[in-house]
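This report refers to the structure that appears directly beneath it.
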Amino acid sequence: MTDLSTRIAGIYLGNPLMLASGILDENGYTMKRILEEGASAVVTKSIGLKERSGYSTPVVADLGHGDLLNAVGLSNPGIDKYGEEIKIAREARKPIIGSIFGSTPEEFSILAKKMEEFGVSAVELNLSCPHVKGEGLEIGSDPEMVESIVEAVKNSIKIPVFSKLSANTSSIMETVNAASKSDGFVLINTIRAMAIDIYAKKPVLSNGYGGLSGRSIKPVGIRYVYEVKKETGAQIIGVGGVSNAEDVIEYMMAGASAVQIGTAVGFHGRSIFRDIEKDLFGLAEKIGFSKISDLVGAAL
Amino acid sequence: MTDLSTRIAGIYLGNPLMLASGILDENGYTMKRILEEGASAVVTKSIGLKERSGYSTPVVADLGHGDLLNAVGLSNPGIDKYGEEIKIAREARKPIIGSIFGSTPEEFSILAKKMEEFGVSAVELNLSCPHVKGEGLEIGSDPEMVESIVEAVKNSIKIPVFSKLSANTSSIMETVNAASKSDGFVLINTIRAMAIDIYAKKPVLSNGYGGLSGRSIKPVGIRYVYEVKKETGAQIIGVGGVSNAEDVIEYMMAGASAVQIGTAVGFHGRSIFRDIEKDLFGLAEKIGFSKISDLVGAAL
Amino acid sequence: MMENVKIKWKKEETPTVSTLGFEWTRDVKIGQFIMVWEPGVGEIPMSLSSVTGTKSITVKNYGPTSASIVSKSAGDRLFIRGPYGRPFTMVKGKKLLIGGGSGMAALRPIIDSNSYGVVSARTSSELLFANLFEKGKVYEATDDGSSGVKGTPVDVLRKIDLDFEMIYVCGPEMMMKSVYDYLLGKVDQVEFTLERSMKCGIGLCDSCSVSGYQVCKDGPVFRIDQIGKMEEFGKWKLSYSGLRTKM
Amino acid sequence: MMENVKIKWKKEETPTVSTLGFEWTRDVKIGQFIMVWEPGVGEIPMSLSSVTGTKSITVKNYGPTSASIVSKSAGDRLFIRGPYGRPFTMVKGKKLLIGGGSGMAALRPIIDSNSYGVVSARTSSELLFANLFEKGKVYEATDDGSSGVKGTPVDVLRKIDLDFEMIYVCGPEMMMKSVYDYLLGKVDQVEFTLERSMKCGIGLCDSCSVSGYQVCKDGPVFRIDQIGKMEEFGKWKLSYSGLRTKM
């Protein structure tokens, strides 16, 4: 019997398929349902200290071919109120990973501690949020800041800490080294992008700029997973454009111990988790594996 | 009658469609044919001081959906021998832009001067080649180096100088500011990426890593064209994923005065220039323009 | 994928509601919706109030985006994407349509000679599409009693025989909750169209979810037995920020 | 898009040439080619030597990549993409096939009872597919005279009547150049398959171009009048780096 289970920083996953942050994880009931319908874990929406409305609609644009552009703008109810959603989601009795964003190491620590109190299995640091000091820059592009954040969070909680990094960088290894105290890396977040409607003569998102996700960014995600695995051997969760079983295997061969699925959940529906799981069983014979975790890094 | 002509740094283009660097521009006869078959200008392959074989095959991988991964590895015959190809291409009597790469300001100046001697209309600096000092980093991610290169080249030649920038950056404005003496910017080069064949359990390119081009990167190109146009008002040539007339209009509304086409020439064939030109005439009425250059920056 | 269509005609249905007709070649089923984008204003979901021939939306002037749509004229462009969502189950027999406010827009394409209606609104002038039912087949309910029963659709339902092959309900969630409570146990062929704030329309953002179901994708049409399993129906919704809010 | 197929059988054709058969559902026309990838070694173009039923490639052990392909066995995987390029024009009447070295691989699917062949090679044991022609319909030419005429295909052509509906030529470019020079002005229904070093196979890299035409996309099959317009044919090619080199 093919074994699809895997582990990331000691957390057992029944299959390598997790829900990515920001997709169907605002409402506790939705997360619970997604866990019941096949995801081995969910990552929450990125949560901050205070309630935020984010940008007004349109916040997403379907670009066709499985690609999406979004600028939701980190809307969230604030950490205190979000505990209620996690409580509901925990009824599914599977790992929940709390994603958090902030602008200082202190903010990240407070958020991480609250997440730990709410009973999540790990914390994911969204290091792609805007930097207060640098204009337009992400926190993740300031290695000193990244180092302080990871250190502060690691000192505040006992559960594993994952750093989610941006692909908008000239050197991912610089950020990886700065975040080396993390228990693992989540690669990658969306890529800076934009689309213009030529009839409206306007950007299609209310915010103008947005982040590209979906099929198009898979080769970018694969590259960074491969590079970081090769350079560090660290534990990695691959994200970006996973939409079928082949994509999962590709990420795992590049070095990921598990993957997260975002955009494709929208295009395919929540059944994507069960459908990919079924296809993974089918691929086991064609590719020749009995334990999927044996494939981690097979292409390195 | 719809006017499709445009200008970039004073260079007249009969239509906004140029051939991008590295695609069908190794052999002078090919460039000549492409100019005769509808491109308003061609950019040469990036040429260095000495002959280079580049990477062994596979150097490209068709990823489907109009996407391509490549790692050609800057193969070129060396600047001295390349003059012969430019001589052949010049028989078409349309602008030729000489793309050059090097690792020091001095190298870039020597190359630029040779290109000027060969009779090109402008020089395009490929600032995405590997940096000798930084491991894995591109020259374009070192602002001081970029500044020295642009300055050195500007001091060496009289024809316009375009800086072609990478999207692999946490802040494109930093590079743009460093290259502010350029007569224009060419945005963007390929995006770092990789693909693994799960049956071969190996990267599909001989070099492992490669650059993503084609349809997928268009939203990334649009974003940087928009951002740089908005911040600087500089003249811009948009590149990345242009495959039809709508894409051309989208780049122009984002701020590009002209576009370059690479990957789509392969998938569509050389006839893409004439076909897009025809479709642009068709779109003129639907969108409402009589001079295509009036659309430059319309979405800003 | 965003598309754009030219508005062919515009018709004022009530003082606050207008219908916009446009040619659109996509195949649309009754109950499905589109996302309508007003560049520079916002993007909101709208049911198709006509799904064959010239298609249409029937829009209530409510907030900024709907106001902007309603202010358009024939010849203007409408930016739309879709159609999205699961449609109604169509039946041949006698059917009852219960619509509150602009909710009648989604039900409009169902109206035929075998349809009965319960049309409700704040006041008489806002009763939408009541005139499209055959004579004697429509019941009205107004908050102010200016037309028909003074009260809610439930006040009408109490008075009529529920012998229909299918009952379709669309309106504000609290109205539907009261209809649901009344119909529960009496009939089982009922479909409700839920309305939640929608950001993406394609099952990604979670803003429209009710008890784990995405209204944009699993709905907007749900059967009464599905509604019965939704703890959040008529009780909780998430605000634009994601804050759990009592209805 | 890379695909992979399992090798069904392997047949040694000459001491240096083997044919590999595999099932592949794509529709292939005679004269088209595929790119064959040997992971860790290289990727090279190969004509299909059978285009219906079980497909095949016929490979000459030449350099590292072809050697690696030839060393494979039935059951092994072959990584391929394609088919690429423009095929031969098929005719019903009498035809002449002129093949040099492994060039016969591309011509093989044309061989039928109405085909005549001029098969050339360095030496007798390397004559490829000469045995597939009907008796008396094949002429041989070897550099060392070990079989047939000692010389080139042109030495054969001089001796025969050129009354064919179509002449197909495939082989080393200098051989084809001499055939071209000989046939020019005598016949006009001739098709040549050009061979150039190919990096991309899809019309992007320019490494296969001859006078502005991409052999991978506009060819590999060209008519004699097209060849006539190619200044570079038989004269110049670009090396792997792009250096203009005399042939």
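Order as written gives the chain letters A, B, C and D; numbering starts at 1 within each chain.
By definition in this document, a contact is a pair of C-beta atoms (placed from the backbone, for glycine too) under 8 Å apart; a residue touches a chain by one contact, two chains touch by 3 or more.
Only a predicted model underlies this, so the values are computations on that prediction, with no experimental measurement involved.
Peer 1: List the groups of chains still linked by touching once chain B is ignored.
Peer 2: Minus chain B, contact groups: A, C | D.
Peer 1: Suppose chain centres are the mean of their C-alpha atoms. Which chain sits farthest from chain A?
Peer 2: Farthest from chain A by mean C-alpha position: D.
Peer 1: Could you work out how far the Cα centre of chain C sits from that of chain D, in whole Å?
Peer 2: The mean C-alpha positions of chain C and chain D differ by 66 Å.
Peer 1: When the centre of a chain is set as the mean of its C-alpha atoms, what distance in Å lies between chain A and chain D?
Peer 2: From the centre of chain A to the centre of chain D is 51 Å.
Peer 1: What's the distance between the Cα centroids of chain A and chain C, rounded to whole Å?
Peer 2: Centre separation, chain A to chain C: 35 Å.
Peer 1: In whole angstrom, how far does the Cα centroid of chain A sit from the Cα centroid of chain B?
Peer 2: 33
Peer 1: Name the residues of chain A that each touch 2 or more other chains.
Peer 2: Residues 63, 199, 202 of chain A touch two or more partner chains.
Peer 1: Which parts of chain D, given as residue numbers and ranges, touch two or more other chains?
Peer 2: Correct list: empty.
Peer 1: Going by the touch rule set out above, what shape does the chain contact graph take here: line, ring, star, complete or other?
Peer 2: Here the contact pattern is a line, an open path with two ends.
Peer 1: Among the chains present, which pairs are found to touch?
Peer 2: Those chain pairs which touch are A-B, A-C, B-D.
Peer 1: Taking the touch rule as given, give the residues of chain C at its contact with chain A in the complex, in rising order.
Peer 2: Against chain A, the touching part of chain C is residues 1-2, 4, 35, 37, 39-40, 42-44, 65, 77, 79, 81, 199-200, 202-207, 209-214, 217, 231-232, 238-244.
Peer 1: For the complex, give me every residue of chain A touching chain B.
Peer 2: 63, 65, 67, 69, 134, 136-138, 140-141, 166, 168-171, 173, 191-196, 198-199, 201-203, 208-209, 212, 215-217, 219-220, 222-224, 226-227, 246, 249-250, 253-254, 283, 286-287, 298-299
Peer 1: Looking at the complex, which residues from chain A come into contact with chain C?
Peer 2: Answer in residue numbers: 23-27, 29-30, 32-34, 45, 51-54, 56-64, 68, 70, 72, 75-78, 81-82, 84-85, 197, 199-200, 202, 204, 206, 262-263, 265-267, 269-270.
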